[in-house]
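Just below sit the structures, each encoded as structure tokens.
In the two complexes that follow, subunit A is the common piece, with subunit B as its partner first and subunit C second.
This part shows the complex of A and B:
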């Protein structure tokens, strides 16, 4: 429900957590935003048998973590750093997505304002 | 020779098996391996019945846990069942149970799943009626019939899967998701899993099955049999995730969790409290499963298996010590008499509540945080958190009744731990319930979950736990002098303590009308009209005629014959006169 609470206000503009962004990604920015780059290569992910839902922008950390797990198999606590790096990256990714969500919400509000004024 | 009893041999074999499994598990999880062995039994009409074995990290790990717990339970029953005459039969039944469970675990084929599934139901029936009395028979019949419903669903799944030409469901999970037939199959699979895991319409059998001997409860009704449904759904999870029925399952399992938590607070039978807490944890597993986190459900399944088996074993020691009395109102202060057992009991209880760094903490906390991270409505959120509080509530109440309050049974007593056999087995499991959480957390989550929550929602578990513990303290403080609050709201409390009238749904309510109607039929038809017209009525008529005739024959009364002859002649004369006059 933490999610629901965070996104509850967005329902006024008919925006839900799983919706995709609808506005132009460059709207309102003074500089040009670049699309994010996937650092891990597809063939590495395939050869490491990472399931598709984990092939995100943090997958290169995940690969490091998997390598570490493979190397220290019974003593998995030794991979705490790799795990932390991966989770940190996922956290940053989450924050980024939340910012994008908030941007979508504010842009929708702005659109409503403009339509209302016109 | 006594040293190599059947208990020791079975313990040794199962323990070695579990050690082998843990080795293979680490190898499989390291290399991300899945092995499927197939052996075609029969092939007809382009369908093939295949005996197959699936070995992956999940099945190996589950087998390791099952064989470890069963080995320890068998070791324990050497002492617990020492006065049993047919110990061999008991141990063989338990072994049969373990083998059917393992058959269920390693099979990716719905037919061999049915074999394991049916074996579980049958052997659990034999184990529930092990102490032969009316209550056990009723409980066993309820268990067997409830599980039978699930068996029938699995049978229907088999007949539906005939359309695919093979029963290896494993190969269809990813490719037949949108198939209508597969949707039917998954609904039936969910129903079958609900019966086995005692979810809401079918949950009355789990507390009733506590009529079984305590080692059986420790093995069967806490960690293996009831988790078979969860395990089946874990296997089928990728198929079910987008279904509407899975949302229904989320609601039902959430309600199960809540209902069991409340009922446990009204219960006074030691084993039934633990059974209801098992039901609550099963609801937790099912609900997180229906939110689409099968690995979390599996994680909780394993840790829960450890501490719940331990909890039942401690309960067994306590019941033995109390001269087979299970009512917690008679118990109290037992930590003074059996400190080591109470140590185990406390550890398992705290692991159940999710006190940090014990086994239950890792799984429950992760589950609750994933619930908080997901987009669910307030009702589901409330069910989860209130049930967590209720877990703390009944565990704390149980601890208070068992350990803090005064001993109530006898005025002269001498209580002690019986021997080291039970203690050794409990200590094995206690170590596992301390360690298994962190070990599993390291080993099975190749892809860790990221949790990112506001502080208060993160601490919500702590809040509800503290609140639950406080309420448990208040509740257990009630004594005979305090006004009985239950009676003031009798309807509500009977509703809550009878598991929301669930037993009425599956036994009393179901039986009553049919039995009553049957009695009516018996009275009016079998013993009434049909008797009147066929059996007894015919006899009565024949008897009356016979009596009537034998009155003439047996008495040999010539006067009557003569009189009747004279009478007959008189009639004849009269008719002749009338006839002649009319001419």
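This part shows the complex of A and C:
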């Protein structure tokens, strides 16, 4: 995916870091994509005082981790598994974002090809 | 110290008590002594001679500040920083590179070795300094404007939050 040059390879289609995807999420798929599911409830996140920037699709793991910390306060090593689960989820979230970026780049290139051919 | 002075003044010179009291009140209460004040600006040649004698200068050396500067008859001494004075000369006060009874410059506090020397020869010429300054700052700006078109970030789309619209995995339902 061109990590070493960052988003440099997407300059030619005017795509940069943290850009929003512009195409319909279902185009180009032979199947219907599974929607992401938010497992944590907003009220619980507010009650646990999780800051808004952490209320993403992994928030239920973060909630578990914080509850574990609260219960085992001085012995935080006991929450290693919860932390690992949370960080794994964030990693998968990041991979998904990279996939969305690459999909957006390829779709833009395809659009350019089609417009150029027509 | 004040009590000592008062005792001395009363016992040794009882007639000078009033004078000492005046000086003390001036120096202690007002933090200033009227004797520090220079005399009025010398207008006639006789006054100039008297002023030169007062500051221990010859009449050729003596030159007052312009009258509107308000320095009175205080002499205008050459601006020589302590750094430019001969370090090997046996001064009476080597710390200040000053001899006994040598008149003090009106801006003496800035000409000390720890402050400023107007005769200092700069290590680099002004053109040299400007060249380097403009080279570094201009070069930085040139690089900045040139690289403006080559912005690189990590190849990720924006962070997905449940609040802004449905998001999808890359797996079938």
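The rule is simple: the second predicted complex is superposed on the first by the 113 of 118 C-alpha atoms of A that agree within 3 Å, B and C clash if a C-alpha of one lies under 4 Å from a C-alpha of the other, contacts with A are read in each partner's own complex, and residues count from 1 in each chain.
In the analysis below, contacts are C-beta pairs under 8 Å (C-beta built on N, C-alpha and C of every residue); 3 or more make two chains touch, one makes a residue touch a chain.
No experiment lies behind these values; they were computed from the predicted model shown.
Subunit A is touched at more residues by one of its partners, and among subunit B and subunit C that partner is C. When both complexes are overlaid on chain A, the residue A:100 reaches subunit C alone and has no touch with subunit B.
After overlaying the two complexes on the shared chain, residue contacts for A:10 are found with subunit C alone; subunit B is out of touch. Legend: residue contacts after superposition of the two complexes on their common chain; A:90 is shown touching subunit B, with no touch to subunit C. Legend: residue contacts after superposition of the two complexes on their common chain; A:49 is shown touching subunit B, with no touch to subunit C. When the two complexes are overlaid on their common chain A, residue A:18 makes contact with subunit B and with subunit C alike. Shared contact residues of subunit A with subunit B and subunit C: 1-3, 5-7, 16-18, 94. Every residue of subunit A that touches subunit B in the complex is listed here, in rising order: 1-7, 16-18, 49-51, 54, 62, 65-66, 69-70, 73-74, 76-77, 83, 86-87, 90-91, 94-95.
Those residues of subunit B lying in contact with subunit A across their complex are 26, 29-32, 371-378, 380-381, 442-443, 446-448, 450, 452-454, 457.
On the subunit C side of its complex with subunit A, the touching residues are 150-163, 166-173. Taken in their complex, subunit A has these residues touching subunit C: 1-3, 5-11, 16-21, 25-26, 31-36, 38, 55-57, 93-94, 96-102, 104.
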